[in-house]
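Shared chain: subunit A. Partners: subunit B in the first complex, subunit C in the second.
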Partner chain A sequence: MLAFIARRLAISSLVLLAATFIMFVLVALSGDPLGDLREQSTPQAQAQMAARIKALRLDVPIPVRYFGWLGDLFRGDLGVDKSGHAVSSQLALATTATMQLVIVATLLGAFIGITIGVVSALRQYSSFDHGITFAAFVCFSLPVFWVATMLKQYLAIEFNDWLRDPVIPLWVIGLVAVFAGLVWASIYKGRWKGKLTTFGIGFAVTAVVLYALSASHWFADPGLGFPFVLVVSLAAAAGASALIAGWENLQPMYAALASAGVGALLYYPLQQVLSDANLLSILGLALLTIVVSWALGHTLGGLLRRQAIPLAVFSGLLTGGLIFVDRILQAWHSYTVSVRNRPIATIGSETPNYSGDFWHVSLDSAMHLLLPTLALILIGLAGHSRYSRASMLEVMNQDYVRTARAKGLPERTVIVKHAFRNGMIPITTIVALDFAGVFSGAVVTEHVFGWRGLGAMFTKSLREVDPTPVMGCFLVAGAAIVIWNMIADIAYAYLDPRIRLS
Partner chain B sequence: MTLNTEQVEPAEPNVGTQGMTVTARTQRQLVTRRFFRHKGALFGLVLFVFVFVLAFSSIGFGPIPGWWDKPWTGSGTLLDRGRPTLSVIPEFLGGSGIHLGEHPFGQDNLGKDYFALTMRGAQISIIVALTIGLVSTVVGTVIGALAGYFRGWVESVLMRLTDVMITIPVLIIGAVVGQMAGNLGPYFLALMLGVITWTSVARLVRGQFLSLREKEFVEAAQAVGTSAKRIIFKHILPNTLGVIIVSATLAVSSGILLETALSFIGFGVKPPDTSLGQLIETYRSAMVTRPWLFWWPGIFIIAIALSVNFIGDGLRDAFDPRQNRVRN
Partner chain C sequence: MSYARRTGRFLAAATGAAILLTACGTGEEKPAAKDSGSASSAPAADATVIHAHEQEPNSYNGFTAEEYSSQNHIVFNTRVLQDVWGYSTDGGVARNTEVATYEKVSDDPLTVKYTFNPKAVWSDGADLGCADVMLTWATGSGKFTDFSYISTEQWGLVELPDCKVGDKEITLKYKSPFVDWEALDVVTMPAHIVAEQGGLTVEEMVDAIKGGDKAKLKKAAEFYNKGWLFNGKLPDKKLMPASGPFIIDSYSPGQSITLARNEKYWGEPAKSAKVTIRFIPQDEQVQALQNGETNIIEPQSNPDIVAQLEGLNGVTVKTGDQFLYDHLDFNFNKGPFKDANLRKAFALCVPRQQIVDNLIKPQNPEAKTLDTRNVVGFQSQYADTVAFAGGDKWGTVDIEGAKKLLTDAGKSKLKVRIGYNQPNPRRTQVVELIKASCDQAGFDIVDTGSEKFFADGGDLANGNFDVALFGWAGSALNSGWTSTYHTVEKCTPSGKGNNKGCYSNKELDKVLEQILGETDPAKTIELVKQVEKTLWDDLATIPLYTQPALTAWSETVQNVVPNASQASVTWNMHEWSMQ
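And then the complex of A and B:
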C-alpha cells in the first residue's frame, strides 16, 4: 500500500509539473501584461513599464521565466503579483473562502443526491423514479450562473421582502401540501388504497405544519426550542437504528436513544455554557459528545457494539447539531435588526464592518453561505442521484442479492447490508472526484455572489495577464485533483477487496 | 456489430415456429428503430430541430436573409418600456390572442430588439457547442485509437498527455484559451475549446480499442497483412461508433454549458459578437427592472442543453446491445 502511494505521488507530481508548464506558457501568451500601461500617456508610464518588465522578467523568454518561477516554488515562494503583494498570503485567504463554500455544498449535495438516487432505484419505473429522472436531466442542463442569479432574485430579495409580513397565503400552502402528498404517494409501493392514505397523511402533515408556522409568525423569528430538539433527536436516533440495526435488535437502539436523550436533556444546562462560546469550545463540546456517545454505545451495545457505537455517535452529534442551530437562531432577531431586516445576503462572504458575538458572526456567515451553497447543491444533485441510482440498480440485480432474499433475510437487511453497502463503492470514488472538480463550479458561483475566493482571484489575475497568482490558483486546483484522484483509488481498493493496488 | 448497410436484405417475413413474424434487421435499422421509439429522445430531437431552425431562419445567417425584419445590431425606439409583446394565451381564454407582436421578447434599454439578439446568441452558442463536440470527438478518437491499438510507447506518451490535460480543470484552461482566442472570433474560440476537451473521449475510445484489438477478427485481419491504418479505421472503429456518438452528444451539451459559463465570466465570446452566456452577463443587473432580458437567453440555453442530453440518452439506449425492449 505504502509503495503504491509513494509511486502514485511521484507520478502525480510529475504530471502536475508538466501541467504547470503548459499553464504557465498559456497564461503568459494569453495577452499583453503591459496593456494597461500602454494606454496611458503620462510621462511616468515609460518608467513604470520598464519597472514592470524588470519585475515580471518580461525581457527573457517564457521557458526561462517558467524555470525562474519553478525555482522559487521549490524554495517555498509563490512569488508576487503585478502590484508587488505576496501571492501566498492572498492564496491562503482565497482558499479558505472557497473551502467554506465548497465543502458543505459537496457533502450536502452528495448526501441528498444519494438518498434520492437510492430511493428511485428501489422504486424503479415508478412515477417518483420518472419524475426524478426528468428533474435530473433538467439539472444537468442548467447553467449554474443562471440558477445562481435566479436564486438571488427570487429566494433572497423576494424572500427578504416577504419576511416583513411572513404569512403564507392559503393557496400556496395548499399547492405545497398537494405536491408533498404526491411525492410521498409516488414513493409508496403497493395498492392504490395505501397510496391514497400516504397521500392524505403527507398532505395533512405538510398543510398543518405550514399553517402553524405561518399563523405563529415563525419566520419572523425562527427557532427550534427544547421540545423540538428532544422529539426530533429521539425520532432520528430511533429511525437511524431501525434502518441500520432493525427493530428486532434493541441494544443499538437503546444506545442511540440514550445518546440522543442525554444530549437533548442537556439543552437547558448548556445554554449558559454556550452564551460565550467560541469556535474552540464548540469543537471541544463536539469532541466530548463523541467520547460520551462512544462510551454509551460501548456499554449499551452488548454484542452488537459495532453497530451501536456509530449509531450512538451519530445520534449524539445530531442532537448537538440541533442545539447548535437552535442557539444560532436565537441570535436571529437582533441580527435581522442590524442588517435592516434583510437577513439573506446576496453578495460577499460577510456583512462589511459587522461585529457581534460568536453566534451573530456565525449566523452572518451562514446567511452569506446559504445561496451559493444552494446553487452548488442543485447542480451537484443531478449527478449524484443518477450515479447512485445506476449503481444501486446494478447491485440489486446481482446473484448475491437474490441469494440473500432466497435464504429468507428481511428486505431491510437485504437492501441495507447486502445491496446498499456494495452499491456505494463506486459512489465513494465519484464523491472524491467531486471534491477535485468543484473548483470549476466555484469559479462561476463566486462571480455571481461576489465571493472573494480562488475563482475570483483567478479571473481577476487572468484578466490582468498576471501569471503568478493564476499559477497559485492552478496549483491549488491541480493539487486537489491529483490528491483526490489518489484518495479515490485508495478508497476503492480499501472498500472492494477484489481490487489490488500494485 | 457492424454498420455495413450493404447487407440490407429486403426484410422478408419468416413465419417462425410460434406463428411469430421474425424480420431480419441490420444494426443501423435496429438503432434507428430503438431511437425513434424512445419518447425522451424524440422529444429532444424535435426540440433541438425547432430551436435550430428558429435561430437560423429568423434573422438569417451570413448573407442569407431571414424572415425577421429587425436586425440584432442597432437600436430602435422603446415601445412600452421594452416589454415583450409575445402572447400565447388565445382570446377565448381571456388572453390577448396568439401573436408575436412588434418585439416578442421585448427590448433592452437601448431599444434593441431582444428577439433578434437572442436568436443571434443562440446561433453562436449552437455553432460553438457543435464545433466543440465535433473537434473534441475527432481529436479524442484519434488519440484514443492510436493509444489503444499500438500500445507500447505510443500509449505511454499519449496517456501521460491525457493525464496532464485532466489535471487542468476545464474551466481554467478554457478561460485562458478564451482570453487568448476571444478576440479572434467565436469560431476560433470553439476550435480551441474543442482542442482542450478531448480527454474523456480519448480514455473511452482507448478502453474500447484495448479490448477489441484482442478479438479474432483483428487477428485475422493482421494475419492477411492488412495495414494498421485500415484495421483501425475499417475494422475496429466501426465497432466503437456507438460509444463515440453518445459521447459526442454529451460533449455538445457540456460544450454549450462551458461556452456560456466562459462568456458569463468574460472569457468567452466577446462583443461586438454575442452569445447566450454573454447576454445573461450583460443584462444580469437589469433583472429587477427588465426580467425578460434575463429569462430568454437562459431558457434557450436550457432548451438546447436539455434537448441534446435527451438525444444522447436515447442514443445510448439505442446503441446498447442489452437493450431489447423494442423487438417488433
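And then the complex of A and C:
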C-alpha cells in the first residue's frame, strides 16, 4: 500500500513537472501581454508598458522565464502577478471561495443524482424512468450561463418581488399538485388502481400543504416547528432502517428511532443553547450527537450493532440538521428586513458589510449560495443519474443477483446488499474525479455569480497573458487530480477485493 | 402482499402523515426562543449607496507605473485621495478649492502659486501641504528613479519647490511653459506615511529630497512602490489616511470595498455615511441592479443592455458621449493616400452620418457625427471649433464627386485596405458601411481587420494598411494628443509613436509646439481651432463618432451625475445619498 502510494506520487509529480513547462509556454504564447496598452493613446501608456515588460520579464526568452518561476517554486514562492501581487494570497482566497461554492453542490449533486439513477434503474422503462431520462438530458444540454440568468430572473428577482405578498395563486397550487401526483404515481409499481390511489394521495397532500403554506403566509416568516421535526425525523429513521436493515430486524430500527426521538425531544431545551451559537458550538453539538447516537446504537443494536450504529448516527444527525434548519429559518424575517426585503441574492458571496449573529450570517451565506448551487446541481445531475442507472442495471442482470433471488432472499436484501453495493463501485471513480474537478473551479458559474474563485482567477490571468497566477491555479488543480485519482484507486481496491494495489 | 409493496405503502403513509402534521404544526405558536433570540441581533437595513465595478482595486497608490489603472482611480482618486483639481462632468479641469486655491503668478517663467486650505489635514491629523508636494516632486520629476511614477512629462519641467515642512503656500516654477499647468497632480500620496515607513522624519525626508540624497530615500521608495499593494487584504489602515470626504472602511477580497465618511474632513462632509463598491462582472450588473444588490452601474454600452435597462421600473438610464472616439487614419508613408485628391475622394464617400445613425444612435439617441478630433461634442467650444475648421462639410456623402476625383486621377477599382483590431463587431460594421458606399464611387474596399492589428509587428506598427480604423481616448487636456499629429523623426514601428500614418505638416508642427507652451486657456482654444482646420484641410484623419457611454442608477439614489472623463460616475460620490 505505502509502496503503491510512493510510486504513484513519484510518477505523478514528474508528469506534473513536465505539464507545468508545457502549460507555462502555452500561456506565455497565448496572446500579446501588452495588447490592451498598445490600444491606449494616453501619454502614460509607454511607462505602463515598460513596467509590465519588467514585471513579466518579457525581455528574456520564455524558457528562461519558466526556469525562473520553477526556481522560485522550489524555494516555496509562487511568485507575483504582473502588478506585483503575491500569487499565494490570491490562490488562498480563490481556493476558499471555490471550495465554498462547489463542495456543497458536488455532494448534493452526487447524492441526488445517484438516488434518482438507482430509482430509475429499479423502475426501468417505467414512465418515471422515461421522465427522468428526458429531464436529465434537458439539464445536461443546458448552458450554465443561461440557466443562471433564468434562475436569477425567476428565483431571485421575481421571487423577491413575490415575497412582498407571498400568496400562491390557486391555479399554481393545482398545477403543482397534479405534477407531484404524476411523479408519485409514476414511481409506484403495480396495477392502475394502485397508481390512481398514489396519484390521489400525492395530489391531495401537495395541494393541502401548499394551500396551508400560502394561507398562513409561511414564506414571509418560515419555520419548521417541533411537530415537523419530531414526525419527519422519526419517519426518516424508520424509513432508513426499513431500507437498510429491513422490517424483520427490529433492533436497528429501535436504535434509529431512539436516536431520532431523543434528538427531537431536545428541540425546546436546545433553543436556548442555539440562540448564541457559533460554528464551534454547532460542530460540538454535532459531535455530541454522534457520540450519543453511537452509544444508543451500541446498546440497542444487540447482535446487529454493525447496522444499528450507523443508522442511529444517521438519524441523530438528520434530526440535528432539521433543528438547525428550523433555527436558521427563525432568523429569516429579520434577515429579510435587513437586506431591504430582497433575501435571495443574484451576485457575490456575501452582502457587503453584513454583520449579525451566527444565524444571520449563515443565512446570508446560504442565500448567496442558493442560486449557484442550484445551477451546478442541475447541470451535474444528469451525469450522476445516468452513470448510476447504467451501473445499477448492469449489476441487476448479473448471475449472482439471480442466484440471490433464487435462494429466496427478500427483494430488499437483494437490492441493497447484493446489487447496490456493487453497483456503486464504478461510481466512486466518477465522484472522486468530480472532487478533483472542484479544484479547477467552475469557470462559468463563478463568473456569472460573481465569485472570485479558482476558475475566475484562471480565466482572468489567461486573458491578461500573465503566466504566474495561471500556474498557481494549474498546480492546485493538477495536484488535486493526482491525489483524488489515487484515492479513487485505493477506494477501488478496498471496495472490490478482486483488485490488488501491488 | 409483496414485501416491496408493503414497504412502499408504509413509506407513503408515513410521509403523508408527516407532511399533514407539519402543515397543522406551522399554524402553532413558534418556540419562545425566537422572540428573545434573534430579532434584535439582526442589522438594520442601512442607507449605504452601492456602486458596481467589474475590476477590484489592488493598490492604494495608483500613481506607480504598475498600478496606474482605472480600477484603483475610480475608488481612491476621486474622493479619498483628493488633489487640488479633479475632472468636471465635461471632462475639463475643476479646481477643488476645498483643498487649495491656485493661480498663475507669472508667465515667464511659468510660475503657479498654490495656497492650501489652512484646515486641510490628512484623516490621521497629519498636516497636508509642503511635505506632500515635495514627495510628489520627488516621485514625478524623474530625479529619484527608485520611485515608480507613471509620467515624468509634467513634473520633469518643474524646478525643485522651495518650501518648509508645514508651509501652506507653495510656489512651483516651470523650466519651460506647459499647457496643462492647471491639471498638475500636486498632492498624491501622504508624505508623512512614506517618511515614517522609510525610517525618516518628515523633515529628514524633505531635506533628503532637497539634497538629492537617493540612498537615504531608498527604503521610502520601496514602501512607495510596494507598501500599498493589497495582496488579498488591506494594508494596515494607519498607512492609508485620506485627504477627501471618505476613508477606507473595509475590504472583502473579490467582493466589495467600503468607504466611510471621513470625520476629520474639513470641507463639505459626505452625504452618505458609507459608499460600497461591489465587484460585479459587467454582464451581470443589470440583474444585480434589478435585485437591489447595487444602486449604480456603469457597464459598457451595447444595444441589448440599453434596451434591457430601459425596460426596468424605478431605474434612471442615462446615455451620452464619452472621451473615446473612433477615427480613420490615412497612411501617408505608402499606398495611394499620399495623394491629397484620393484622400478627398475617400472622405467624400465615407457615410459618416449613416454610420452614426445605424451604429451609435440605438445606444445614444442624441448621437451626432464627431466633426473634430481633439474637442468633443459636449465641450462648450465644440460648435465654434467645428464651424472654424469646416468639419461639418464632410457630413454628407457625395458619390459623384468622389467618382470624378478618382477618374481625374486615372484610377478605377482602387484597392483600399482598411485595418482594425478584431474582434470588434461595431468596427466590422463600419467597414461594411464604408464598402457599400465607397465601392459605388470606384474604390475597392478590402476589410483587413485582424486580431494582431495592434501587436508588435502587426499591421498598424508596420504600416500595412491604407486606412486604419481605431480609437483614441480623448481628454479636455491638451498635452496628451499633440504628438499624434507632429512630424515623426523616422517612420518606423518604434519611431512613429502615436502618429501611426506618419502624417506631416511643418506648419502644423509649429502650432502644436506652440500649444504645448501656451498657458492661457483662451488662447489654447484658438490654437486648437487652427489645428483642426489644418487637419481637415489636409484630411490627415477622419473622425467618426464618440463611443456611447451608459450609466444607470436606481431612483432611490440621489445626485448621481455621470462624468464623461475617465474619472467615471464616482467623481461626486460624496454627494450620493439614499432616499
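In the analysis below, the second predicted complex is superposed on the first by the 480 of 502 C-alpha atoms of A that agree within 3 Å, B and C clash if a C-alpha of one lies under 4 Å from a C-alpha of the other, contacts with A are read in each partner's own complex, and residues count from 1 in each chain.
By definition in this document, a contact is a pair of C-beta atoms (placed from the backbone, for glycine too) under 8 Å apart; a residue touches a chain by one contact, two chains touch by 3 or more.
This one's a predicted model, so the numbers in the text were calculated from it and none came from an experiment.
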State whether A:Ala235 touches subunit B only (first), subunit C only (second), both chains, or neither.
second
Once the structures are superposed on A, label A:Gly174 by its partner contacts, choosing first (subunit B), second (subunit C), both or neither.
neither
With both complexes superposed on chain A, which partner does A:Leu16 reach: first (subunit B), second (subunit C), both or neither?
first
Going by the contact rule set out at the top, does A:Leu462 touch subunit B (first), subunit C (second), both, or neither?
first
Which partner chains sit in contact with A:Val209 here, subunit B, subunit C, both or neither? Use first/second/both/neither.
second
Of subunit B and subunit C, which one touches more of subunit A's residues?
C
Check the residue A:Ala477 against both partner chains and state whether it touches subunit B (first), subunit C (second), both, or neither.
first
Does subunit B (first) or subunit C (second) touch A:Tyr188, or do both, or does neither?
second
Quick one: is A:Thr149 in contact with subunit B, with subunit C, with both, or with neither? Answer first, second, both or neither.
both
Identify the partner contact of A:Val444: answer first if only subunit B is touched, second if only subunit C is, both if each is, neither if none is.
first
Residues on subunit A in contact with subunit B in one complex and with subunit C in the other?
149, 153, 157, 447
Within the complex, subunit C is touched by subunit A residues 32, 34-35, 38-44, 47-48, 50-52, 55, 82-86, 89-90, 92-94, 97, 149, 152-153, 156-157, 160, 184, 188-190, 198, 201, 205, 208-209, 212-213, 216, 218, 223-228, 231-232, 235, 238-239, 242-243, 247, 267-268, 271-272, 274-275, 330-331, 333-335, 337-340, 342, 344-350, 352-357, 359-360, 410-412, 447-452, 456
For subunit A, which residues count as touching subunit B in their complex?
15-16, 18-19, 22-23, 26-27, 29-31, 137-138, 140-146, 149-150, 153, 157, 437, 439-440, 443-444, 447, 458-459, 462-463, 465, 470, 473-474, 477-478, 481-482
What residues of subunit C sit close enough to touch subunit A in their complex?
2-8, 10-12, 14-28, 30-34, 36-39, 41-46, 48, 50, 56, 58-59, 64-68, 148, 150-151, 153, 225-226, 229-233, 249-250, 252-256, 258, 274, 276, 278-281, 284, 287-288, 290-294, 421, 452, 454-456, 470-473, 475, 479-481, 484, 498
In the complex, go through subunit B and note every residue touching subunit A.
40, 160, 163-173, 175-177, 179-180, 253, 257, 260-261, 264-267, 277, 280-281, 284, 287-288, 291, 294, 298, 301-302, 305-306, 309-310, 313
